[in-house]
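Common to both upcoming complexes is chain A, partnered first by chain B, then by chain C.
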Partner chain A sequence: MHIADGIIDARIAIAANAVAVAAIYVSGRKTTIEEIPKMGITGAALFVASLVHIPFAGTSVHPGLYGLVGIILGKRAFPVIFTVVLFQSMIFQHGGLLSVGINSINMGAGAFAAWLIWRQQALPEYLRAVFAGFIGIIIPVLLMATEFQLSGYGRGILYLFSIYILAAVVEGVVTLSVVKFFRRIKSDILT
Partner chain B sequence: MKHSFIDKYSKLNSTVHRLDPRIKLLMTFLGIIIIVSEPPGKILPFAFYGVAVLILMLLSRIPLGFIIKRFLILSPFILMAALFFPVSLWLTNDEQIVNLQHPAFKVALSIFLKAGLSVILLILLISTDKFHNLLLGLRKLKMPKLIGVIAALMYRYVFILSDEALKTKRARESRTPGKLKVNKMKVFSNQMAMIFLRSWERSKIIYHSMLSRGFNGEFPVMQKLAMNRIDVVFFVCFLTAFLAVRFLITPLT
Partner chain C sequence: MIKSIFLCSVMLLVFSANTMAHAIRFEVEKHYPAVTVHAYFTKTSPLVDAYVEVFSPGNEEAFQKGHTDKHGFFTFRPDENGNWKVSVDDGMGHFDRVTVEVSDKFFMNEESIKAEEPAKAEETKIVSDDKPEEVKQAEIPLIYRIIFGLSLIFGLTGIIYGIKAKQLLKNK
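Entry: the complex of A and B
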């Protein structure tokens, strides 16, 4: 899900960095010193999660956890996701350095959408959790498909990315399972 | 515990290693911008960029085998993304792509070269300086303060998390040795949640100890970054070479 440098149009990648910096200021405004360790450890978990592979249907997938990050951090998710994407780019070269902005916007939008769904208290919790996990993958994929199309790849990219629906379903199940565990063990971690 | 997956060759001593981290970050960032701004379908300029990057690699004294191995691990992903271009056009039915002579494949090759060279520049960046020096460089380059604090804590918390992950994995394996046959997803999710909770508790204790010792969100460092003449000369040479390829050679090809 990490776009490397050179894959999409350079102008889009550069503009996305400017948008990402603005988003950091907006979403990180008035962060209290008490919120910092939660942001740090969630970031570390997100970073490590990309190295974990779950055997699934004869292959392996790694959890994205953007939905879960949205549930845990709410509007503070974006600065954390930006930092993780920056780390992944510099340390493991997953995604490019110039593409940090575009990658963090894609994933941050997924986390933000998941948070919005999670806040709909009228819905049962299990439904909110599954849907938050699902949407946490689908939104980044849709944004990514749009960016590829704007870079001249054509509509066909949507067919290629449809495989991510499967990953989003797995993510929904994992998110539900983790939320249930948190609710049982440590309820206050859920925003 | 030893964690050497980050910045493996950062302790070598070479001209590139001795450069100011800010210079290295700027060189990488600007170098990538110049490379990815090449018009789609141009191939020849990448030979020149390649030579410049090869010189950097040789000057850095990082074993070429390491860089090639790292690149080969990442290359299937880059290749796949590059091949998305012709395949996507074919699926769109806007184009009839029947052979490798089609211009779409030339564009795919240029995408692969852009992404590949950018990846090599990133491998060089992380291998030629300690990660915390690069973070310091980013802070000096006016990275938002909040990102600096999250980054500094995250870097330390990754080790807490990997320690907890190892402990939890051992505990699970000691109870149910071998391959899991049932409820894989549930066990995996619970394990993940448990690692997170334990690490979170531990990170809170560490953070409170930091607060009690006067931590106010700043990470004061004794280390002073100072740019010297070699840094500036290196930066100017690197940038001039890349700009020359981009604006003098590319229009000719």
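Entry: the complex of A and C
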């Protein structure tokens, strides 16, 4: 789910980096000392999650955990996602360095949408968790597919969707299990 | 603290420089009359069913389109010498190009085949745009890279925690 360098126009990629830096400032402002260890641990989980490759439909997909990150970190998710995407790009070559901004925005949008869903207290918790996990993948895929389409690359929105729809369902179930686990052992970790 | 940040940055730069080429790798085999491109991340994870476009020298319109097979191979048959471009896109955000130089020497093998002599591969080499060969050979085990990444994340968390703690103490 990481866009490599050379796909998106360099000017757009640079602009996306500028937007990402601004988003880090806005979402990371007034972070309390209590939130920092949680951000570090979640970042570490996110960093490793992308290495779990599941062969599917002739290619491979990996868990994103963006929905779960949104649920745990809320608006603090973006600085964590940016840092993780930067390190993944430098250490594993997942996506390009210039594309860190656009990749972070794609994934951060997923986490943010998941957080918004999670805050809808009127809905039952299990539904919010599944939907947050699902949307945490679907939003980045939708954004990435659109960017690919606009850049003239890729095999289109439908192809990407067909592959990631199942991954998003699995992600929804995984998110629900983790939420239930945290609710049992450490309820206050959930925003 | 500044020393730690500096050390972290230097390590990250050094480390990433050694592993920068591990995105998509290409192995090109030229053996008249065909050129075979092998696209892979590592030898055990090829780019399966990736979309391939071949561009003949100086042409922007694709000479040939297709997909890699289940082992990440794609073959085409050049009809002129020059620099042929091959782009590979797995549709999942992994995209790269490789330039394949087809010289007269490649077509000279045609004569040897016609003369029913065993044809020899013109050359076999790993080629990938703007990535030097020696960098590609530096295969740092995945587990070390994971540990390195995690160390950076936890280190950074510690640094930010320290700064915040210092600020809190100052305010008290």
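Simple rule for what comes next: the second predicted complex is superposed on the first by the 173 of 191 C-alpha atoms of A that agree within 3 Å, B and C clash if a C-alpha of one lies under 4 Å from a C-alpha of the other, contacts with A are read in each partner's own complex, and residues count from 1 in each chain.
Here is the rule we go by: a contact is a pair of C-beta atoms (placed from the backbone, for glycine too) under 8 Å apart; a residue touches a chain by one contact, two chains touch by 3 or more.
Quantities reported herein were computed from a predicted structural model and do not represent experimental measurements.
Of the two partner chains placed around the shared chain by superposition, chain B is the only one that A:182 touches, whereas chain C remains out of contact. In the superposition on chain A, A:144 makes contact with chain C only, while chain B stays out of contact range. Of the two partner chains placed by the overlay, neither chain B nor chain C lies in contact with A:20.
Look at A:87: by the touch rule set out above, it reaches both chain B and chain C.
Legend: residue contacts after superposition of the two complexes on their common chain; A:48 is shown touching both chain B and chain C.
Shared-chain residue A:3: touches chain B and chain C both. Looking at the superposition, the partner that touches the larger set of chain A residues, chain B or chain C, turns out to be B.
With both structures placed on the common chain, the touch criterion links A:37 to chain B and to chain C.
Put simply, chain A uses residues 3-4, 6-7, 31, 33, 36-37, 39-40, 43-44, 47-48, 83-84, 87, 90-91, 93, 148, 153-155, 159-160 to touch chain B in one complex and chain C in the other.
Taken in their complex, chain A has these residues touching chain B: 3-7, 10, 13-14, 21, 24-25, 28, 31, 33, 36-41, 43-45, 47-49, 52, 54-55, 63, 79-80, 82-84, 86-87, 89-91, 93, 96-98, 148, 152-157, 159-160, 170, 173-174, 177-178, 181-182, 185-186, 189.
Put simply, chain B touches chain A in their complex at residues 5-7, 28-29, 32-33, 35-37, 40, 70, 74, 77-78, 81-82, 84-85, 87-95, 111, 113-115, 117-119, 122-123, 125-126, 131, 134, 144, 146-147, 149-151, 153-158, 160-162, 165, 184-186, 188-190, 192-197, 199-200, 203-204, 206-207, 211, 216-217. Chain A contributes residues 1-4, 6-7, 31-33, 36-37, 39-40, 43-44, 47-48, 51, 53, 58-61, 83-84, 87-88, 90-93, 95, 144, 148, 153-155, 159-160, 163 to its touches with chain C in the complex. Contacts from chain C toward chain A in the complex involve residues 12, 15-16, 19-23, 45, 48-49, 51, 70, 89-97, 142, 145-146, 148-150, 152-154, 156-158, 160-161, 164-165, 168.
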